[in-house]
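Structures incoming, each one as structure tokens.
Each of the next two complexes has chain A plus one other chain: chain B in the first, chain C in the second.
Let's look at the complex of A and B:
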């Protein structure tokens, strides 16, 4: 089985500080609007737990990427380590990938009139470094999985409530799910 | 309502009308065709549609690249098939002008086939699991119904001006056929609404948005009820009527344009959270 890099998101550790988002923006100096990485608050209605939980999501570098299949110009490619790359210069801005991705990873840059997305800091990966978002996480909630095929998964899950159907593209992400905690406050 | 995608609306509707028109004119074309109206009209419609579609692209100057991922992209296949259809129509026109009936017939039939496959490819672009409102057979059905409604309506208008262009399309037959297609369109839309109601939360949100939109009700009136009344009138006219045919075409065109804009504008994507 081919190697597949991925992300591990520990919802118990994540405090929703947006450091990962900021690190990504600093690294690539992207425009305000396309947010390659986004921090979401899990909706309380989706979970039976009276506490706030966050997940940090970017492109999942899926095993079966919908973006790659639908792109009419072949701007997407999948590396041997599973990273899904987008060739910015080749993109013609048809936005079909933004419609096909269930996770909203490819986003249209209105200024450049092209789509862009997370590249998993492949240049850092090639230097055996961590992606900018992973390195910036102050609580170790976001980690890089070097190979999903040999990743010990007993304490992790492939999806959380409110996460789109994983059978569509088989996203390369795992979660440490939230556990019931003490209620400190409720959202309005 | 997020995005009406007007370039895509006009592109798909005009291309489908061109293919629907071909369905009407190609069967009886060879030898007795009026080449200008039989081949150049749909070719012109297709060319106009494809030029309009460039308005959707961020970088239209590189649109030619859309032909480079035929292995898996329905968008690439759609561009190829419609381009082929356009070129074959030009070949058919030139063959008809030169009096080569066999070549004209072959090119016309191949143009029709690639046009029909182009409509199929168009529809399959949008059969995406990430958009539950599109991820069903109604998308394919709706695209073909647009072709089979607008094509004959256009053909019926030209039949009034140029008798013999679509020989089998006499007033009563055409009116009856269109009325049946309209009924099928209405039934398929009702079936679509019930599908949305029974599917997931995103599809239900699409349904709510659709029914709350005044555009939907205008589509019901202009695209279904009024054309149904006009086609009933047409059935009663022995030799057809230019004004009724024109009214029918305009109503159907408005209805389909609004319907397609709603198709793009109301499809709620899967969302996180």
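Let's look at the complex of A and C:
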């Protein structure tokens, strides 16, 4: 099987500090609105306790990317290491990819009238460095998976409650699910 | 908007000096946002840039060592400096927005004059004009009142860089003035630790990894000291248990092995209940107490007489068996650390509660141990010369006469600023100078502060943005950011010190406080020779050099401050605070029974002082802690930050929401007898039924100010070490109703 890079999100460690998201913007000085990486708070209803748990998501560089399939001008390509690249010069801003991606990864930049998304810091990967978001995580909650084919799957899960159907595109992301500690609350 | 600027042309304009200044008169405050140039492949912003060393100076535990990447004179990106083993080459969400802060189109570019005050009718003026207006007012006040006491400075924590004390120095150099004295954030705890240990001093926070048991008490490092979490996690990976005690299920609480939802302001009762259980079970470290403490016999007698587990349970809302388990685990797992946060001491009994926790750490022998400690903060690395601040008075200066016949400045309470401004007479206060501060946003009773502003002849504010305070000023002066100036910074948490290199030219006409002081000195002396003693020349890097002395150089293991250009240095301090056993109390020991506290009308022992209760009219406690997105009123106004945190909200427990007919997303009014704030409801069981939570911030386009409901109620301590008692921010009681 071809190599596939991916992200590991350890929700047990993630503190919802948003450093990864802002480090990404800092690294590429992107426009205000597009959020190549986004930190979400998990819904309380899906957890055993009311907790503040977070996940950090960007483009999942899917094994079977929907964006790449629908793009009419071939702006998308998948590298040998699995990184899904978007070529700005080719993009015509038709937004088919933004509709096809279940994860909202490609985002339309209204000023540029083109789409953009996380490129997994391919320049850094080529220099054997970590992506900006991973390098910024203060607690090691966001990590790079160097190859999903050799990743020990049993320690992680492929989806969390509320995550879109992974069978459509097979996203290259794994999660360590949140572990709840003991809570002594006054309302129970 | 007459034209649009692309980012590239905007930056080019900056690089070419202030080519833009001719085009953009003020009113350009709403100038076009510099658009990011999108190019194929999105180049890395820092590629090919020259790298400078900086420190984030914005009053935070972490005081991050930073690197700035500059190309063609433009700050392209920032990163953490990996030399600093505490911040470890990482920044927080705020730090990563710095390019947007530096080049924000909202930034103040030139001195401006507003007539009349609060009208929004601003006019760009030159620095010379601004200084002329200010200097003439200073001299006129001196002539009319016979002193400079009617001039009042309110400066605090917007920038903790040492050179920013230049503004205090400038005030000293014109004569005796009135000063806002104290600190809003942590004084009750400082005094508590001063009574107990002689001063506040925490273990190196990197030493948390050595702990086997960590209690995070009223602190939310996941959002306010993110770099500390790495050490806490590392300790856990080595088997340590993490306990969080907080009224709110914070992000930190969500990571804990055990979370205890305590009733706010009752922390002392929990500590005392634990202490009693420890005493009853013989887990006290008697050897340690005999060698290092005084007053423990009286303390134990008090515990036996007044404290039981059931009492502690009733007060705190935590079951007795849970308190017993916590006490056993804390006392028998060695070493055990307690991190005392600044949240729990923002109460009318806050300092007293900290003293009870200090006592808990002392009787278990955890003080002075690696992996142990009662960590609160420290000032051990702040031994600079304060050369920018220490200025002689001009000849003939008149101040307030002290009993010994000498003169001094006049002090008013920073935590009751508005009322003190209004009530100060003989002479009254007629001119305000505000720097590194936003009292109309961050002070209690901002309504009163604004009224006091209306009484002034002249209000001068130095800032980066048109804050609420700046908007109620006559003159605003643009300040430099840390990338535009030289400086030096220490932390009140970790042991690192770093210098700040000037990386870029100042934004338009922005200036550093020391430069402003030098310019004003020149102007004053031109108008009236000898009226100001502040030096009128010297570059900022020379000023940095003046701040170092042999003691601090030795602490850092360097022979000259310029060695810090190679990277920040960690001070050679004891890893475990107080491990030398040399406490700085009058007795030289831990004073569980304090000899100093009674002099300030406080109990000698860490006895429990009851918490403030809600009233029937205002049954909810309104907690207003820090969010990850801002520090006080800073950062939430930056466009990138607005994008991730677009609107404020109030967290309401589901039971309370149901009782009040409030649904998620409804607009609600939170109010009490002095004011109200309207915001969206977020229903969540992370808070308790009688507690409402909203996060402090300055949203530049919203009339959002949580302090509209905060009264200037003082906490119990702070007078001894900081000059004034702290503020009981968290003893704020309100009611709530749905508005639409």
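Here is the rule we go by: the second predicted complex is superposed on the first by the 181 of 188 C-alpha atoms of A that agree within 3 Å, B and C clash if a C-alpha of one lies under 4 Å from a C-alpha of the other, contacts with A are read in each partner's own complex, and residues count from 1 in each chain.
We take it that contacts are C-beta pairs under 8 Å (C-beta built on N, C-alpha and C of every residue); 3 or more make two chains touch, one makes a residue touch a chain.
Please read all numbers here as calculations on a predicted model, not as lab measurements.
By the touch criterion defined above, A:114 lies against chain B and chain C together after alignment on the C-alpha atoms of chain A. Of the two partner chains placed by superposition, only chain C is touched by A:136; chain B is not. Contacts of A:93 after superposition on the shared chain: chain B is touched, whereas chain C is not.
Comparing chain B with chain C, more residues of chain A are touched by C. With both structures placed on the common chain, the touch criterion links A:149 to neither chain B nor chain C. In the superposition on chain A, A:12 contacts chain C only, with no contact to chain B. Look at A:168: by the touch rule set out above, it reaches chain B but stays clear of chain C. In the superposition on chain A, A:53 contacts chain C only, with no contact to chain B.
Shared contact residues of chain A with chain B and chain C: 112, 114. Partner chain A is touched in their complex by these residues of chain C: 7, 33, 35-36, 38-46, 76-80, 88-93, 96-99, 222-223, 226-227, 229-230, 233, 242, 249-261, 263, 317-319, 322, 628-629, 639-640, 642-644, 653, 655, 684-686, 688-689. Against chain B, the residues of chain A that register as touching in their complex are 40-43, 46, 55, 57, 66, 68-74, 90-96, 99-104, 108, 112-114, 162-165, 168. Across the complex, chain A meets chain C through its residues 12-13, 15-19, 21-23, 25-33, 35, 39, 44, 49-54, 87-89, 109, 111-112, 114, 116, 119, 121, 123-124, 135-140, 178, 181-187.
Within the complex formed with chain A, the residues of chain B that make contact are 56-60, 62-63, 65-69, 72-76, 79, 125-126, 128-131, 269-273.
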